[in-house]
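Data block below; observations after.
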Amino acid sequence: MAKIMELATAIRENVNDGDLLVMEGFTHLIPHAAAHEVIRQGYKDLTLSRMTPDLIYDQLIGMGRVKKMIFSYAGNPGVGLLLRFRDAVENQWPRALEIEEHSHAAMANAYEAGAAGLPCAVFRGYRGAGLTEVNPNIKSIECPFTGEKLAAVPALNADVTIIHAQRANKNGDVLLEGIIGVQKEAVLGAKRAVVTVEEIVDDFGDISPNAVVLPSWTINAVVVIAGGAHPSYAHGYYSRDNGFYKDWDRISRDRDVFLEWMDENVVKSGPQAFEVHVKKGPAK
Amino acid sequence: MTGITLAEIMTVTAARALKNTDVCFVGIGLPSEACNLARLTHAPEITLIYESGTIGTKPNVLPLSIGDGELCETAVANVSVPEMFRYWLQGGRITVGFLSAAQLDRFGNINTTVIGDYHNPKTRLPGGGGAPEIATSCGEIFITLKHSKRAFVDQLDFFTSIGHGDGPGHRGRLGITTKGPTRLVTDLCVMLPNPDSCEFEVVSLHPGVTREQVIEATGWPLSFAKNVIETAAPTAIELDALRDLKQRTTEAHAAA
Amino acid sequence: MAKIMELATAIRENVNDGDLLVMEGFTHLIPHAAAHEVIRQGYKDLTLSRMTPDLIYDQLIGMGRVKKMIFSYAGNPGVGLLLRFRDAVENQWPRALEIEEHSHAAMANAYEAGAAGLPCAVFRGYRGAGLTEVNPNIKSIECPFTGEKLAAVPALNADVTIIHAQRANKNGDVLLEGIIGVQKEAVLGAKRAVVTVEEIVDDFGDISPNAVVLPSWTINAVVVIAGGAHPSYAHGYYSRDNGFYKDWDRISRDRDVFLEWMDENVVKSGPQAFEVHVKKGPAK
Amino acid sequence: MTGITLAEIMTVTAARALKNTDVCFVGIGLPSEACNLARLTHAPEITLIYESGTIGTKPNVLPLSIGDGELCETAVANVSVPEMFRYWLQGGRITVGFLSAAQLDRFGNINTTVIGDYHNPKTRLPGGGGAPEIATSCGEIFITLKHSKRAFVDQLDFFTSIGHGDGPGHRGRLGITTKGPTRLVTDLCVMLPNPDSCEFEVVSLHPGVTREQVIEATGWPLSFAKNVIETAAPTAIELDALRDLKQRTTEAHAAA
């Protein structure tokens, strides 16, 4: 049963040094506020996994908290490269970063297999792709009916998954809407799950019977943080702050500018700082 | 119509390759621009799919990211990312995958992973994302990117996704049954794979572009088809639609 | 692109003798009207597949149209056995029936693999189950990472899938709501798909962005048949006719009673006969 | 409280085995009755899951089928059947699977497939449905069915789903890590597997039932635990809740 609690408590109770930490979101609903709390609490030697690591993973990497990253596309969406990630891979600053690189299809299937309790994912992929030569976690398997050779990758099961969603009800059930990515799979495949939400409502009212709802008992902690996805967005609440994504290119380009920005906006800040972003009103 | 740029010719020419009945897996950037232009001109019923799970989307402005809210709001259906890659891409439902690249070789193989050595790269790029399976699961692949020696290379630094591999028969030997790259549109020319060698060769030059310009911007020994024609210039309708789209996009992204 | 057409045309254009025919529905949205048209058009040597074959498959079997059935639970839900199916298996009446029997998990995975374009489904199943000894289409595969032995079954890809749904829009996109079963997978895995619907609307209006919608281009034919799922139900339109399911036990018990009922209610009837069932009003 | 039937004792006793924190995969018929009674009495927050994809459902009347509309309307979430079997059952999220059977042996192995030979059956039953994987993927299995020599057999005609197989260690040898059948409630008694032999043995007799009655209704040589107690009689609250539930159900199904 999910407990509704403060962010600092939720992170403290569920994240540990060395964890395989998943903070998913496919452009939409990226848990920025929660990631900042992870940074504030000082966890180290984390392994991060995400299909599309962007700003929050760049921030964790730049702060030296990450030992390894599992990913399939590490870019600043619509802007360019992830400069703290680059600096870690190219120059080992502030520390060396181990990487396990996959294709989107492989990672989506790996999360699916994790949620499905399987040891590996089987799919038709990686044919002629160079990653098969640099990633030992890409193997193959033969269909016992047709003999076709299929790709296999290990299932992805996080120690803790953190996601952001639109809302929870009082019981702690969580509703996600819009571009839902792999968040359901990341939560169901994880040992522990923390969900930040825009708001808590009495009940969800007249939603579709097939709406994407994670029952309370699949989640450990629910935390209300209005605006908690900014500069990502929450469908129905506020739009993506494209300007900030462009700014990040500048902020993250220089180590000192980055560290100063992090100190001011993350280390010395708190989740209440996100509220201001909701005031722009709902996404059209 | 005055002041037509080569970039505009590239987008219009790339858009023309798409049919009204296509189901197209759209890469962000140049492909997204071409695909939406096709939808706004000659292919109003084309189905555009972005890997964020949006199927049959009809954005009024170009998305900055692959998961912008408008893609979802205007879609026929929105599915999870595992479903997107299993049922829709791997399920063989996509007729055309539209990709761009950081590096491209003469066989349409693509690198978007690293410049330099993988384990000790000079430049770490974002990586392949959906490309490895887009390249093998879509019925055929269209590629669009701007011509330059840095991009059109003799040898890829990394083999992110396969085009025609090392030439004829390579895809088949890997068990791949789809066509692979069938068309390449740059800001200088249109290239198609030679049926015998699978190497991209120039079939049309954009208005005002010379063979020498293309050779100069290509990092491999370039071939030309027997009959190289001039790319048909954009029509007023196409150009208006493209400029309106880009204008709306600029305004929307500035306002956001 | 789905064409909106009459039932007789849709069936004629999409069903052939000897087809692997899937008419799915997990208690909800079972395509009764379409199945009756398949019977009227006289197709033979069909292979039927369904997780929970009930009345319509009993009817096709009793009319001698079925060569083989792939299934995981062949019962009259909440009532008892399927008596025409029993008669075929136990007494080869009116003809011998080949069966390929699976568990629900296997069939659900097989449809999923069919939609996913894979040659087989891989799952953790059939451990200690007797079906492994009588069904040669149950094999195993070894996880290349953990060595765990997993079950494998062939993917299920119908020649033609027929389902019933709540509504289509003018473009031929189809909306399903409520208990959705394996219908999406059965359609996406099929060579051809026919969908009967309660009604066609201009557009779906303000539905959830994550509603279950099958795009028009995944379907060959859309047919309006109000009440077309009766005695099954259509969530939001009418309730399950439990009384009819109980009656079926009596009707199907005797070969002559069955044949007479079929003649009167199927062979000499048509899709318009289903309309009356909507008048009970929407399910509460 | 007058006129308590053995069937009522069975349902009440089966219901008591469930905890408020359980996530229960509910078979139709007797299991459904027991599970909903538990929810309406001592376990109001129990999560009931039906294989039709309804999660956390709270029907006001007992469903006739496994996919009745009310299951969907009152559920926390409704998912597709592939998702149900992959993420929820195989994913290891179910604490208790609640099954019934046509035939049961002393090890809790179940037959719901055929009476007689599989290829030439005397009676063709519906088949296993979800049972083969429910039996291995749920944390533990409760079984409830009415006592009779036809049902409680020495040898199953077909091995639809595994209980404890041929005894201690069998599940482990098959790579199964869950407990299997831990409780059997009939209309005469409660049985638990003996920790050494894995054979079901009688641990409590329902009020008024004799050992001889149970022996007579069991097709295998029956064992009794060292201390056989009397099953606690239903309380007035339990009985009222059960009778109200059945009354509502009868009225609803007659009206439909």
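For the reader, a short list of remarks on this structure follows.
Going by the order they are written in, the chains are A, B, C and D; count residues from 1 in each one.
Note that in this section a contact is a pair of C-beta atoms (placed from the backbone, for glycine too) under 8 Å apart; a residue touches a chain by one contact, two chains touch by 3 or more.
The structure presented is a predicted model; accordingly, all values stated were derived computationally and were not measured.
When the interfaces C-D and A-D are ranked by C-beta pairs in contact, the top one is C-D. Each chain gets a centre from the mean of its Cα atoms; for subunit A and subunit B, those two points are 28 Å apart.
Subunit B and subunit D have CA centres that are 57 Å apart.
Centre-to-centre spacing of subunit A and subunit D amounts to 40 Å, using the average Cα coordinate of each chain. Looking at subunit C, residues 112, 116-118, 123-124, 148, 178, 180, 184-185, 209-212, 235 sit in touch with two or more other chains. The residues of subunit B that reach two or more other chains are 72, 78, 86, 90, 137, listed in rising order. Applying the touch definition to all chain combinations yields A-B, A-C, A-D, B-C, C-D.
Residues 1, 112, 115-118, 173, 184-185, 188-189, 209-218 of subunit A touch subunit D in their complex.
Those residues of subunit A that touch subunit C in the shared complex are 116-120, 122-124, 137, 139-146, 148, 150, 152, 154, 176-178, 180, 207-212, 235.
Residues 26-28, 51-52, 71-75, 77-79, 81-82, 85-86, 89-90, 101, 103-105, 108-109, 111-112, 123-131, 134, 148-149, 178-182, 184-185, 233, 235, 239-243, 245, 283 of subunit C are the ones touching subunit D in the complex.
For subunit D in complex with subunit C, the touching residues are 28, 51-54, 63-69, 71-72, 78, 80-82, 84-86, 89-90, 113, 118-119, 121-133, 135-137, 158-162, 165, 170-171, 174-176, 253, 256. By the touch criterion given at the top, residues 21, 23, 45, 47, 55-56, 72-73, 75-79, 86-87, 90-93, 137 of subunit B touch subunit C in their complex.
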